[in-house]
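To start, I am sharing the structure in question, which I have written as structure tokens.
Letters are used for the chains, namely A, B, C and D, taken in the order the chains are written, and counting of residues starts over at 1 for each.
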Amino acid sequence: MDRDLAEVEREIADLRRITTTQQMNLGEQIAALEARAERLREEIARHPTAWQRVQLARHAERPRIGDYIAALTSEFLELHGDRAFGDDPAMVAGLGMIDGRPAAIVGHAKGRDTRENIARRFGMPNPEGYRKALRVMTLAERLHAPIVTLIDTAGAFPGKEAEERGQSEAIARSLLEMARLRTPIVAVITGEGGSGGALGIGLCDVLLMVEHAVYSVISPEGCAAILWRDGSRAPEAAEALRLTAHDLATFGIVDEIIPEPPGGAHRHRDDAVAAVAESVRRHLAACAGRPKESLIAARYEKYRRIGRVREGSAVVAGTTPTAGGQAV
Amino acid sequence: MLDWLARPKRAAAARRDIPAGLWVKCPRCANLVYRKELERGLRVCPRCGFHRRLSAADRLALVLDRGSFVETDADLEPEDPLGFVDERTYPERVAEYRRRTGQSEAIITGTGTVEGARAVVGAMEFGFMGGSLGSVVGEKISRSADRALEHRWPLVLFVASGGARMQEGTLSLLQMAKTSVAVARLADAGVALITVLCDPTTGGVAASFAFQGDIIIAEPGALIGFAGPRVIEQTIRQKLPDGFQTAEFLLQHGFLDAVVPRAELRAALARILRLTNAPVDPQMAGAAAQGWGEPADAADEPPPA
Amino acid sequence: MLDWLARPKRAAAARRDIPAGLWVKCPRCANLVYRKELERGLRVCPRCGFHRRLSAADRLALVLDRGSFVETDADLEPEDPLGFVDERTYPERVAEYRRRTGQSEAIITGTGTVEGARAVVGAMEFGFMGGSLGSVVGEKISRSADRALEHRWPLVLFVASGGARMQEGTLSLLQMAKTSVAVARLADAGVALITVLCDPTTGGVAASFAFQGDIIIAEPGALIGFAGPRVIEQTIRQKLPDGFQTAEFLLQHGFLDAVVPRAELRAALARILRLTNAPVDPQMAGAAAQGWGEPADAADEPPPA
Amino acid sequence: MDRDLAEVEREIADLRRITTTQQMNLGEQIAALEARAERLREEIARHPTAWQRVQLARHAERPRIGDYIAALTSEFLELHGDRAFGDDPAMVAGLGMIDGRPAAIVGHAKGRDTRENIARRFGMPNPEGYRKALRVMTLAERLHAPIVTLIDTAGAFPGKEAEERGQSEAIARSLLEMARLRTPIVAVITGEGGSGGALGIGLCDVLLMVEHAVYSVISPEGCAAILWRDGSRAPEAAEALRLTAHDLATFGIVDEIIPEPPGGAHRHRDDAVAAVAESVRRHLAACAGRPKESLIAARYEKYRRIGRVREGSAVVAGTTPTAGGQAV
């Protein structure tokens, strides 16, 4: 479809050139082609390929965490610091009032421009970011407030200092504690869901995914580089990885897909953000009354079921342990 | 995620230097070692202390009491949920690694005793697709955690993995969460998780159960980290210093309880199990280690590119 | 423990430059500021933003809704358990600080509202023996925690202290533990502790309730640390860099949630209280701040040497 | 008494000189004086002054944490690291088997010689030390194992890096969490109990103190420097601070004083260590059966009572809050 569009656009350009250089009136033909181009563009926006979605998810003009917080909360208090080493600007954490009730909100913070992106490490957290997020989530548990996590990162930062200060440990600890937090967790993948860096704040009771967001174990470029020694084959890899919201809904990973405005969230940011806010509010309300024990039990069951495994001749996932075994 | 499809430099070097002969060249110090001496020494170079990788089966044989191991969930096999194809299909790759390693997947799980102390155990097989965490590994670890909870025996996981398994996509990423919820129930119940980080422990596996241990130990020299060294070097545009991301480095930075030489591993684990309330099987209390028979080099073999 | 018996350099400078006159010289930027402008500006230098110390009473007046404060435990007085004498007896010193500050001890506690949000509050008086933590301060904070637990109102502590009170020896050290057990019950019950670190917050007070807050904020420029700067300089045998142990430094190092300028403190606290489940007193919801009357310089005065 | 001894010793020296230079036989007088000197020495050892106890508590030959662990446990596993930044050799933490039951043991680690002292920062922890200790204590809680803390430090390290990484926060957090740990905590001050650095692992259900150990809000030298601008007046300050085990027992701070061998623990290390081990074992056994709720409640009451306060005309401490108050 991409290729069709490119062809039509080339034709239009040709006709325009002829119109001006050869004084021919080709207005009618041009108009028809332009209508066709627009239809193709809409078609792409409606059904982007996996790779196109990756581009949309990474779009520089896509809403940022500040936009979502503004739409979700009537007031917000950003909290800082991991209480041990530093404060990571790549992760935002704080308390916000949602429908008159306090909630914790944590999420990746990509920048709006190059300067902010550099300051925020392009939304790729260091260990301090995960530790700050966990601290604020634990505070929410203590205050009987629910948690909203907003996921939009290419991944945890693969830097030297991140390793020195335990990127693995920070994410592992976050996952372990999020599994145990006795308060509802609603997670939203708003853009890039980049592997462990995304999952590090993504263990939840309800996973929402914005229509063109992606969620993947590895970037398509990284996957292509490993598979074919050729990063330019990323579009193929994107397809193969099944990283779109629709794919992940069929795998039972995503609980709800939040539609985006035509052409993507960046075209109509307010609408896009409002749709996310509405969905989060609705799920928070649904979680609010649930007893803590059943919440934790359901969280266990939710993840216990994820995966595809064949046992003997049956395809199973998340089953209970078998009784016996054999000596080796 | 370590690029385990690529030929790891060290393993390649190892293979080149280990033909079928009587003598084996150490990939670190380049000394020639008599193969039988190397095996008797638990595949640790007697000259420089370099710890070669062990297969999962050898690892269990090294640590567990003879005859105590009962394997569980051996018949779990991966599906192909994504219909993943690169140059071969995912099922073809799996079949090839099964032939190559003699294992059905990248982890062996079961129960056993160490100096009589009971435990649920899992040992990852790096030779099987880089020890990657897919649905089967996630399911087997989760079942092991459930089993540990049921018996109130500590769970011991020998980790050796490049991370999540690309061929199962986001499903494999979420095995990190799946194992986390299973392991979290142990934490709540006061049943210990003990992780032994072997070479290598990276990516999504490092960032989940490996570092969720109540007690975390590692083998000398093991590579342990989230990002692979090459990725970090690309990020920072410079070479990493020697010893970066080794077990010793992590101990110094506060992430490991101990670095335990292989010769002391069994005794250390027995002590850890006793100190974390493992019940004792009186019949096994004086048992010897299972030991191993013929050398199995699979773990050192590079997977096919 | 800050040496509060010594004349603090900054306070000394301040006093020298604040006679009774119309004009006040800023101890940081040395500009002359019209006294009334300084007071209207909450004792923050309009030229450089330097935040002068506030007395406990002024602090409460700045933050709480007019007429909302009800003092509690005002009649607690220190004993002299050690029979402590240096050049004067401990009771003599206490009597002198009472005269000087008009306060009975180094903290005022009570209940009040901020933009209608209810809280139990305590404000430390640095002018009273360096805001030192003795039995009375420990008891009043513990009772405040108990009261916060009973009502389920957040506990807000304005901290300004050099540490434990030497004259009560180990009993004062253990007030750190006493306040900790009281505050721990809040954590278990989900009642928030909010601490506002003012200049200075050091020693045993920094190492107990100051950094036990669920939310910890500080005033700009406040000195915050465990050891005093002079002690550290003696240890490392070099000068500390500018800005070391300031509020801004601590924010950068991950230990503060925010540094809040005095002009925004009341609004920030109101927001924090609302977000930590403080119930609202509807009668106070639209109330103005209490404000303050005539300047009370006690907090800036150096204690007698 | 110190002065008496010095005089007698001078007299003996004089007589000895006379004996040799003037060929007089003063053996009988010398023997009598020496007997008197020995009695005085024993008297000092039995009832040392506060300052003498400070010296004994700091004695280089005093037992170290390794000695106590060896006596207490049948096997011990040292654990390392704070899981965030580093491993502090000034603090030892681990699991040990005591009377066939696992326990956590944490404590300050002074060295045996200058080299070890430098390596272990003279037993003065950095924040990492307190965070490691807390991690291991939390593990003990999870394993339903009791905790033994062994206190012997001049204080938390007053260094630049310690401040950068939150010495205050680390100790404050430790105190808060120790107040909540649902497992018995037996603490022993074996030597120097130096202010917040000692208390940082000292919040407990039972506080034991070895006979000549000291426990103080400030070092006598520091106190003298502040009070009199004269560190050499430390002996006076030591007296004034009431920092001995006997003083602290009268204040209700110490639950049991463990006797030392004559002349101090360093003279008979094995006996000294055995006495500590016996006492710890006894108190662990006494705590073992206690329900968690009553343990935590008793811990609260224990500390709530500490302090001396006058309320109106009554001397009180740790009373319940008064009802009213007055507006200002």
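Worth a mention:
We adopt the following convention: a contact is a pair of C-beta atoms (placed from the backbone, for glycine too) under 8 Å apart; a residue touches a chain by one contact, two chains touch by 3 or more.
Quick caveat: nothing in here was measured; it's all calculated off a predicted structure.
Contact with both chain C and chain D is made by A. Set against one another, B-D and A-B show the most C-beta pairs in contact at A-B.
When chain centres are defined as mean Cα coordinates, B lies farthest from chain C.
Averaged Cα coordinates give chain B a centre that lies 44 Å from the centre of chain D. Centre-to-centre spacing of chain B and chain C amounts to 54 Å, using the average Cα coordinate of each chain.
Here the CA centre of chain A is 31 Å from the CA centre of chain B. Annotation for chain A: residues 83-85, 165-166, 169, 173 touch two or more other chains. Multi-chain contact residues of chain B (touching two or more other chains): 187, 211, 253-255.
The touch graph of the protein chains shown belongs to none of the named shapes.
Listed by chain label, the pairs that touch are A-B, A-C, A-D, B-D, C-D.
Interface residues of chain C facing chain D in the complex, by the touch rule stated above, are 1, 3, 5-6, 57, 67, 69-79, 81-82, 84-87, 108, 110-111, 134-136, 138-139, 142-143, 146-147, 150, 164-166, 168-178, 180-185, 187-188, 202-204, 206-212, 224-227, 231-232, 235-236, 240, 244-245, 253-255. Across the interface of their complex, chain D is touched by residues 83-85, 127, 131, 165-166, 169, 173 of chain A. Put simply, chain C touches chain A in their complex at residues 187, 190, 192, 211, 214-215, 251-258, 268, 271-272, 274-277. Of all the residues in chain D, the ones that touch chain C in their complex are 156-160, 162-169, 171-173, 175-180, 195-196, 199-200, 202-203, 215-218, 222-223, 226-228, 240-243, 247-248, 251, 253, 299-300, 303-304, 306-312, 315, 317-322, 324-328.
Listed in rising order, the residues of chain A touching chain C in the complex are 75, 77-87, 95-97, 102, 128, 132, 139, 142-145.
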